[in-house]
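Please read the structure below before turning to the comments.
Chain IDs A, B, C and D follow the sequence of writing; residue 1 opens each chain.
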Amino acid sequence: MDTTTKRGYTASKEQLLNRLARVEGQVRGITRMVEEDRYCIDVLTQISAIQAALEKIALGLVDGHLRVCMRGDGGAQVDPDEQVDELMGAVGRLVS
Amino acid sequence: MDTTTKRGYTASKEQLLNRLARVEGQVRGITRMVEEDRYCIDVLTQISAIQAALEKIALGLVDGHLRVCMRGDGGAQVDPDEQVDELMGAVGRLVS
Amino acid sequence: MDTTTKRGYTASKEQLLNRLARVEGQVRGITRMVEEDRYCIDVLTQISAIQAALEKIALGLVDGHLRVCMRGDGGAQVDPDEQVDELMGAVGRLVS
Amino acid sequence: MDTTTKRGYTASKEQLLNRLARVEGQVRGITRMVEEDRYCIDVLTQISAIQAALEKIALGLVDGHLRVCMRGDGGAQVDPDEQVDELMGAVGRLVS
């Protein structure tokens, strides 16, 4: 990355990487549960936990991205309408 | 597991494990994107892809579990009302 | 309806109708907010409240339907696999 | 409303009111279905249709609000960080 480009998650990159590592571990945990023929409902509970973790990560990314956009930090000459189109595409995918 | 116990995913266990392996790879892919300071919106798109994959896995688990319950395969003397309570707990966590 | 046919919501029909009446009132409330040019975020908060109410209603319907299916009350000769297909279609639409 | 205040939905207010009128009609339609003891799955399908309609309305409101915020139209002296906090609260409620 161009060292002047700032991402919405730059300030919290370590925290984000930790959360992703935890999600990866959770997915491996589910694989282990399936290998051990664990009860469906218990597997489902763990999947819901991952979904909640991913949702939190995604909302954090939207939050950080929005702050960069609103301050115009993300590289100056971006058209605001294009930024909104792009962000709404992402939010629409999260919501559905 | 008791070899006579049948899980809702027993018949499609290989497919389920493959899907989980793919999700694990997708999570690692996102970690790489963050390490490379990739654009927030692109990271979000990948998170939505994982969420869609997990949702599909979860619905497959509910489907298989339901079939086992409806046929009474999952170990005979289970109370149907308890089965519904348990399954609705899982569905409620998926929906919210 | 054939008086012998039992729906999953038959026992709680009054409660269900009350909840639907409340949702209808909530939708009218949002219409009023928009007519009065109220703040976007406040309108969104009310929409989320309706979504939560509808989700609760939907989960209640799934719950009641499942209990009828599991007990085989809903008219005898139904194929369990068809019942699961049908119900999973409905659950899939709720989840996404 | 102060005639100079612009909401994110001001330009599409008629369309928004039409959509809300349609949702209100859909809720009444579900009430009728329940009164007529219609099949659970058909009621659930209609609820999912309302949820999709509300989601579309909500995303339209977020979209319009964001455009007003990004252009700084919504009344000048608003703190961008407060705007993001407020909007993320709304998006978080939609997503969950």
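Just so we're on the same page, a residue touches a chain if its C-beta (ideal position, glycine included) is under 8 Å from a C-beta of that chain, and two chains touch if they have at least 3 such contacts.
Remember, it's a predicted structure, so these values are computed and weren't measured experimentally.
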Any chain in contact with chain A as well as chain D: none
Separation of mean Cα positions, chain B and chain A [Å, integer]: 19
Euclidean distance of C-alpha centroids - chain B vs chain D, Å: 30
Residues of chain D touching at least two other chains: 55, 58, 62, 87, 94, 96
Topology of the chain contact graph, where touching chains are joined (line, ring, star, complete, other): ring
Complex interface listing, chain C residues touching chain D: 1, 5, 7-10, 13, 16-17, 20-21, 23-24, 27-28, 30-31, 34-41, 43-45, 47-48, 50-51, 54-55, 57-58, 61-62, 64-65, 68, 86-87, 89-90, 93-94
Residues of chain D that touch chain A when the two form their complex: 55, 58-59, 62-63, 66-67, 69-71, 80-81, 83-84, 87-88, 91-92, 94-96
